[in-house]
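Both complexes shown next keep chain A, but they swap its partner, so chain B is in the first and chain C is in the second.
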Partner chain A sequence: MGGRKLLMRVWHTAFVLWAVITILFLMFRLMPGTPLDAYLDSSLTPEEQEQILAQFGLDQPLWKQYLIYWANLFQGNLGKSFHYRQDVFWLLMAAFPNTLALTMFSLIIAYVFGVLAGAFLAWKRGTWIEGIGIPIVLTSRAAPEFWLGMVFLAMFSFSLGWFPSGGANSPGAEFPSELSRMLSADFFRHLALPALTLALYLQGLPLLLMRSNMLEVMQEDFVTMARMKGLSEWSIVMRHAARNALLPVATAFALGIGSSVGGNVVVETVFSWPGLGRLLVSAVSAADYPVAQGAFLLIAVVQVVMNLVADILYAVLDPRVTHTAHG
Partner chain B sequence: MASAIRDGGGASGGRTARSERPGIGARIAATLRLPRNDPFAIAGLTIYLVFVLVALFADLIATHDPGQILFAANGRLARNLPPSSTFFLGTTHAGRDIFSQLVYGTRSALLVGVTAAAIVVTIGTLVGLVSGYFGGRIDAILMRLADIAIGLPFLPFVIVLAAFLGPSVSNVIIGMALLLWPNTARVIRSQVLTVRERAYIEAARVTGSPTRRILFVHVLPNILPLSFLYASIAVGWAILTEASISFLGFGSSDTVSWGHMLQEAYVSQALSRGQYNWFGPPGLCIVLVVVAGFFISRGYEELLFPRLRE
Partner chain C sequence: MTGISRRYILKAGTALGAVGLLSGLPGIASAQQAGDRIRKIVLVARPQAADTQAYQAAELIVQAWRQLGLDIEIRAMPRPQQSELVWFNRDRWDMTMWQMVGRPERSDPDELVFNLFHSSVAARGYNFVGYVNPEYDRLAEQQRLETDEEKRRTIIRQAQEIIARDQPYFFLVFPKWTLAYDSRVWDPASIVDQKGIGIRNTWTFIQARPVGSQQDMILNTNEEVRRMNPLYISGATDSWMTELIWDRLMRIDKDGRPVPWAAESVRWVNPTRIECVIREGMKWHDGRPVTMEDIVFSFTAPALEEEVGGRRVQRSPNYKPFVENIKEVKATGPRTITFDLKEPQSPFLTSTLAKINLIPKHVWQPILDGLKGKPETVEQVQEERPIGSGPFKYVRWRTREEVVLERNPEHWAAPKMNRWILRIVPNQEATLGMLRRGELNFLGAYRGDPEVLVEMGKELSHIRVVSTTDMGFQFVAPNLRRKPFDDPAFRRALSTAINRTQMAQAAWNGFADPANSHVSNALPFWFNESTNWIGGDMAEARRILEQAGYRNIRGRLHYPAGVREPHGG
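What follows is the complex of A and B.
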């Protein structure tokens, strides 16, 4: 990707980011059911209400509110939670690592398995293994994540007692730091079941991608060339075909990070996983608008940025792609 | 070539051109006929057919009123009963018949699925058609809109929308319609880009055929099969989404749906009681409908990626 095209892409991303944040602003100000005093908690004293009204400029005309909204955003000021009585910023910072851990863990499992199984299925094209493999993969992609989670919970947690039934840590467990909490065995024991559920749901995409890429690459001239040179089938598959087939999978991985952070909503709810998605759902249910807006914002930013990363990755990894202005 | 030019001149030319370009109906029929010998497509279509029949005849198939709270002979609430000959799949925590809920759930699932898929694919097809055919500024604007829709996280958006506009099926469908059209639009757009370079389209343009006619009579029939394909996948997607939203508690609570059944089971702790007869079947039904869409689209895989046939 040339410098100009890269710049164009970044510019598009900035535009999308601006549009998404503006849509969010309008949604939370103008929608029925979210009155102007969405930021106001009825239990606050009149003085406190006045103070918040002024701070967020809710007594101002809409265009002024919009400017104040951006000014607050740049200072990381997302308001205070009605429910938790804390800055939204810190609530998000507490939830984000949990979501990130869940996403990365399940994506890595899903993509390692998917790539290997996809290459294997491509190799076995036309055999009975493909005959049963493909329907199984398609079925696994069709299963609702939250339902898979429920079945796993019933089997492995309630019935067999192998895994805890929810949360990210045992109640009462204390850790000297955030890092030591996330590296503890306790954390991984809680992470296992939701991560496996998510991985099972996610593995279908890399698997099918890898398979179809492999089938395509195996027909390319350079593979025929390698065959003519008398290279072994294994060497052709691993050194030539797989390397080229991996490119789109890498792009899908980056896209997967973005969409999973938002898509984890249901899995996090089923497993009471204290991440962004669950924070969003409980905030929306409890009409805790500042938290809902903040969580939505962070999820959207991650998704938009990862879309850009995926685009760049695709262009960098695959020199054949000529990047047009349409991206 | 000559017939194509004549076709562009007036409506009467349509018949002459048929040998070269079959009509919309014939073209779709030909596309749909092809995968009939593909076991995947047959399985997918069969699953769809069964669910459609169940939805149509739900009143006859259901053994109870899905909303009715049932009592046992001794006057006690018929709660959490195991499957039996009276209650094929047992009863819920509130004493309702699970089998009947499942049957009626088919109706609302298909309604949501088909409506949402039709809207999403129609918007996507129109945007792709206009964007691809006209190009230039219109294309740029529409594709930036698509970027924005793709940038908004889907489930969170639908949740917030449902929370603000009130939990209902139509609000879930609105959410899907607003965000899911870009995928179809992009595919259709790239298809239109190749179609519009074809000689007969060029000929129609040169002979002064009105743009609307070129778009809907000449270009659209070429891309409709692709739209139908996307619709078949979108049905499953829509049902999956509606179920997720209902499960999270933002769906309509007065209609019986599979997602709502699952939410009720989850909330009333059917998991710890191991009531697989309750939370198993709705999930399996969702899997079946979604996989049917996948199977149909896979049946057309050779159509979409012809190189694989070699």
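What follows is the complex of A and C.
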């Protein structure tokens, strides 16, 4: 990747982030409802209401709020939650590791399975296995997550009792540190069902992508060449075709990290998973601008960075793609 | 001001209309006698998915009112939008579904009796329907000043009668809370059913006795925990913890009346002076003794305010109203605290002594000092390890997952359980699954169909289900600033058309009592039974409308003669 082109890419990324931040800033302030609604039940006097607005800078004109927001952002200050009265940064940091664990775990399951099954189905093209396999994949991909989650809960938790019904750890479980909590067997036992639900939802993309890439690659000259050399069919599929078909899947994986970090709301709610999605939903419904902005910002940053990573990854993995000025 | 004067003119107008009707030929309605056609009325409600019961109730009500000839539609709105409209645009809506929730401090009727209907809070406070009635105002003020309980009771009952007559709200039901617990873990005799609150209450948490090896109470909430701060009222669930970690001079007893708690005794010396004798040997969770200075500080700290940059900044805006009437609080003996009030305030025991958390000065004075010169409240503060003197000690809080408290063995009312573990579970079905599987042994919050719970109790004998009438209530709020709702007769007619028994059955599945008062029947001492009323009499509703001059012409309701529709046709 050429230096100039890379610089352009980074510049694009920065522009996208600026646009996202500005839209986020405006979006929450133009939505109906004010953060004061959250206080309706505590009989505030008008003076108290004004004090609260002033305290969060909401009595300032919009342009001033915007400048203050940027000034704070450059100092790494995401503001304080209206609702929790806590630094947004720490609220995000409490939720992010759980979301990341759930996302990564389910993505890995989905992509390992998807790649293998996709290659397999491509290999079995035109057989009854494909005839059954593809509809199953499509059905599981199209099933609503909350429904799938509830079915898993009813089966593996309520009836069979193999897994707990929610949360990220057993009630009252003690751990010496955050790391030991996330590496404990208890954590993984709680992670299993939500990760499986999410993985089932995510596996369709890599599977179908892998399969169609494989079918394409299998037509290429070098595969015909390998066949002529008398290599075994398995060796052709796995060593020659699959490696080449994997490229777009790797890109999809990087993009998948970006898009699933914020997209776990449903799974997190069904399984009471203490992640970013739930934080985001409660922040939006309570008109808690700083938290919602912060959460969206974090999601946007992950997504935009992962886009950049995908681009770079693609260039590294596929020598045909270069980022020099004129291709 | 203009609102009030306009109201009086309108009132006079309706009275004249009635007189005019009496002198005319009764029973003969003609188009010439009628005023404008009443515009299409909009009833705001939360979406069906957000509040199924209230939405179903709204549908039943609308059906009944259409039979009277009212053109009306339901408009569903998410909560923030509904609040924005109803609370901050007070002259721009017709009717809305609304509710008041039960809280321990509402066991004293003052908050609802005064704040809901006193004219002083009509512009921006709780009286969002805009009810203005000098007769009612007088009673609402009087009951505050009357420290003789029996006399005060008479006033409160009168106030309820006025509301029943004027119908500023169309009360629907007092809902019942249905909760449950696992009797394999908890001795049923030790579970306390608090009036108007239910089995999830501080007394249960203190007294619940484990029968087996499980010594931890594992209960759920469906709300995120926001804060554990003794100077900030942050949310319903948060208050469960606040009540356990921090002591108060009094607590609301099982029957809804205040009883001494950290105080050994509480005595009215005269209508503006109260004397409390404090218990001996109390300790903060960090081991330091609770001093008289700490207790005085607990009542002065919430009142603190400071001028910062030309603006008055209150340090604890949530709690300030509860200490505002205190002229002076001081230690008048080694164990005696005396409160001098600015004016007599009968609900003081409930609204202040049973409300204000006792906080250690050595923790909060430095925090308050740190705020000097800053435009901030103390509400932002979250202690790393909250320190109170209450029956439970703070152990841990993982956001969106759980809060763990443990018993304080040194407390005079030390809990029987070992730990109190609150799980945050947003998923209703998972909550039930957890209770069934024993992952939860106490259902702390449940918003689903109570029938499902009752069924579970029948199927599994160890799941004990308990229903308790709430001191909160559900109602339709008409906007009294707007025609035709400014006319009490019109309101009475609409309210008469609502069948509350049918509603409790159909919308609340029988888990509700019919309501016609802002004081719940869960508070038998204050509740006025004479307000009991089912409604549902369509013929009577038509008669009231007829008598007040409203005319039903070709199926559409019209104003009395001479009355124009001010809000467009």
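Rule of thumb we're sticking to: the second predicted complex is superposed on the first by the 287 of 327 C-alpha atoms of A that agree within 3 Å, B and C clash if a C-alpha of one lies under 4 Å from a C-alpha of the other, contacts with A are read in each partner's own complex, and residues count from 1 in each chain.
Here is the rule we go by: a residue touches a chain if its C-beta (ideal position, glycine included) is under 8 Å from a C-beta of that chain, and two chains touch if they have at least 3 such contacts.
Note that the coordinates shown come from a computational prediction; the quantities given were computed from them, not determined experimentally.
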item: Partner chain(s) touched by A:Ala300 [first = chain B, second = chain C, both, neither]; value: first
item: Touching partner for A:Phe158 - first (chain B), second (chain C), both, neither; value: both
item: Which superposed partner A:Met150 touches (first chain B, second chain C, both, neither); value: both
item: Touching partner for A:Val309 - first (chain B), second (chain C), both, neither; value: neither
item: First (chain B), second (chain C), both or neither touched by A:Ala19; value: first
item: First, second, both or neither for A:Leu231, with chain B first and chain C second; value: neither
item: Touching partner for A:Ile109 - first (chain B), second (chain C), both, neither; value: neither
item: Which of chain B and chain C A:Tyr84 touches, first, second, both or neither; value: second
item: Touching partner for A:Val270 - first (chain B), second (chain C), both, neither; value: both
item: Contact residues of chain A, present in both the chain B and the chain C interface; value: 31-34, 150, 153-154, 157-158, 165, 269-270, 285
item: Residue numbers on chain A that touch chain C, as the complex places them; value: 31-34, 36-37, 40-49, 51-52, 54-55, 80, 83-86, 91, 94-95, 150, 153-154, 157-158, 161, 164-169, 171-172, 269-272, 274-275, 278-279, 282, 285-287
item: Complex contact set, residues of chain A against chain B; value: 12, 15-17, 19-20, 23, 27, 31-34, 134-135, 138-139, 141-148, 150-151, 153-154, 157-159, 165, 212, 215-216, 219, 259, 261-263, 265-266, 269-270, 277, 280-281, 284-285, 292, 295-296, 299-300, 303-304, 307, 326
item: Of all residues in chain B, those that touch chain A in their complex; value: 40, 139-140, 143-144, 147-148, 150-157, 159-161, 163-166, 236, 240, 243-244, 247-250, 262, 265-266, 270-272, 274, 276, 279-280, 282-283, 286-288, 290-291, 294-295, 298, 305, 307-308, 310
item: Residue ranges of chain C touching chain A (in the complex, touch as defined); value: 78-81, 83-84, 87-88, 101, 111, 115, 121, 124-126, 216, 218, 224, 226-227, 229, 232-234, 311-314, 317-318, 321, 375-377, 379-382, 398-402, 404, 419, 421, 423-427, 429-430, 433-434, 436-437, 439
